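Structure first, commentary second.
For reference, chains read A, B and C in written order, and residue numbers begin at 1 within each chain.
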Amino acid sequence: MDYNIKLEQFEGPLDLLLQLTQQEKLDITRVSLAKITDQYLEYIAQAKNITLAHLADFLTVASRLILIKSKALLPMLEFTEEEEEEIKDLEYQLAEYKKFKDVAVKMAELFDSLDHSFSRDGFVGLPNLFYPPKNITSEDLLKSFSKMLGEIPVQEKLEQEMIENVLTLEDKILHLQKTLRRKVETSFSELVSNAKDKVEIVVSFLAMLELVKQRIIHVEQGELFSEINLKHISDKKV
Amino acid sequence: MEKDNLISVLESLLFVTGEPIKKAKLLGILGIEMEQLDEALQALMEKYKNAQSGITLFSKGEEIQLVSSPENGEFVEILLKNEMQDALSPAAMEVASIIAYRGPISKTEIEAIRGVNCAYTLRSLLLRGLIERNDNPGDSRGYVYAISFDFLKKLGVENVNNLPEYDILSKDERINSIISKE
Amino acid sequence: MEKDNLISVLESLLFVTGEPIKKAKLLGILGIEMEQLDEALQALMEKYKNAQSGITLFSKGEEIQLVSSPENGEFVEILLKNEMQDALSPAAMEVASIIAYRGPISKTEIEAIRGVNCAYTLRSLLLRGLIERNDNPGDSRGYVYAISFDFLKKLGVENVNNLPEYDILSKDERINSIISKE
């Protein structure tokens, strides 16, 4: 199957999912979600415009899709109550989002048409007089200004974080490849020892899977939950 | 005050104010009860349905505003020589729609529907005056967002209730089903 | 244009203008002859004779203007008094303080600092004579806002430099960083 169909730019995981179902002319059902799971994963692996901050959102949806897909492959698989709830959440969210995505098109038509209303300026022609509020003091101005100043750094910091977090899965793959070339062998826990948060660990894990798929690295895990060792397949010559 | 008289005074007040005005404020000035005011507003609205009317009444929550009829927008635009504003991106229109149908709504709730962070979109809508931000009555540190009169004027829609499919979209089925279960 | 339609468009145009407008200007926008315009104005005048009307047409030579009906003057006075004596809303207070400590400052800069559109607040502060608007030396199409002399006097301050903590607050880096980004 060829997944390399270009989608319009998508905004967030739900938008991507909706576009994928629409492209395949599918309704939003579990069967169709299972069908597009691979495409979804492929997209987030390739997407260069998903920032780390957004990646968490994409991964949450990915984990639910994988659940749905595994049930489609293994019908005997029973969902736990929590898993069932998560899948229902996703279905509900998709339906909700679709409603607004559709109506936004109609809203845009209204917005862009020439049929706008206009208001008039208030109290036109009023003589230029001075109408101060009673009892206002310069301390009131000071208080108001200081309060406003106090709220600035919070906003600033948020924006800073958003900018710093532009780190894509592709970056991680490159980083992993480089590390392995240098060291030939490493472990997963070593790789993520500097990870700032859970998301970065998940991204590293996805990156690792991608490299396994491309046969660039080899991984070994003795038993469940034990250390994962990674090895560069150095004799891979093209 | 006689009814005809009340309608006339009401129209004068709305005309002079220009900006949106709270109904409660009008009650104080007119010395009447909400019921009478609503009746007079209804009559005013009826009057503006006449084909000759170039004025109409918009309302949003507890506020009302007199505006020019949307169908004359083209001519008013020539008179005001408004600078063309950039169209809204599809993402911004989605966020604005969610706020129009579900507002007042918090950022978290908007993001739950869209599945993605919308801090930047909210900021640009706020700067353009298409949405309003107010303190969240349920959370003292947070805000809730609502559509502005300017957005309604751009749409040429006198009230959110007249938005396409308002009855269906304004309801969050899940919240409603939780309530009906109880 | 049909006659009903013409009356409606005419009313919309006069409604949004506020100021007196020359009949010749209306002819240009509407693409009609003076005779038709006079006829439509006559019809509009008839319409405003209705007891329910709170608006009336005022003409002086070649200029016309919509105004509120004089018989409602008493209520308009009360409205005016209320509006002009009200305490400032927290939003208006914030804008006033930004203008006091950072003026002269442009609308874009004020909006960047606050993150929301301030058109309405600026208009109302101007109307009350609390701030003044001057041409922006850095941008021929724009304006800058400063606190008014009357307002300073009311605060008992001769000059903005005498506002409390002016030296520190007027140079706050947090604001510089926002403004320079825009």
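By definition in this document, a contact is a pair of C-beta atoms (placed from the backbone, for glycine too) under 8 Å apart; a residue touches a chain by one contact, two chains touch by 3 or more.
In this text, all values refer to a predicted model and were calculated from it rather than measured experimentally.
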Most distant chain from chain C by Cα centroid: A
Closest chain to the centre of mass proxy, which here is the mean CA position: B
For chain A paired with chain B, centre-to-centre distance based on mean C-alpha positions, whole Å: 32
Where chain B and chain C are represented by their mean Cα positions, the distance between them in whole Å: 20
Centroid spacing, where centroids are CA-atom means, of chain A and chain C in whole angstrom: 43
Two or more partner chains touched - positions in chain B: 15-19, 66, 68-69, 71, 76, 80
Chain A: positions in contact with at least two other chains: 118-124
In the complex, chain B residues that touch chain C: 4-5, 7-19, 25, 28-30, 43-44, 47, 51-55, 66, 68-69, 71-72, 75-76, 78-80, 123, 126-129, 132-133
Residue numbers on chain C that touch chain A, as the complex places them: 12, 15-19, 80, 83-88, 90, 93-94, 96-98, 100-101, 113-115, 123-124, 127-130, 148, 150-151, 154-157, 163-165, 169, 172, 174-175, 177-178
List of chain A residues in touch with chain C within their complex: 118-126, 128-134, 136-142, 144-149, 152-153, 155-156
Contacting residues of chain A [partner chain B, same complex]: 11-15, 53-54, 57, 61, 92-93, 96-97, 99-101, 103-104, 106-108, 110-124, 158, 162
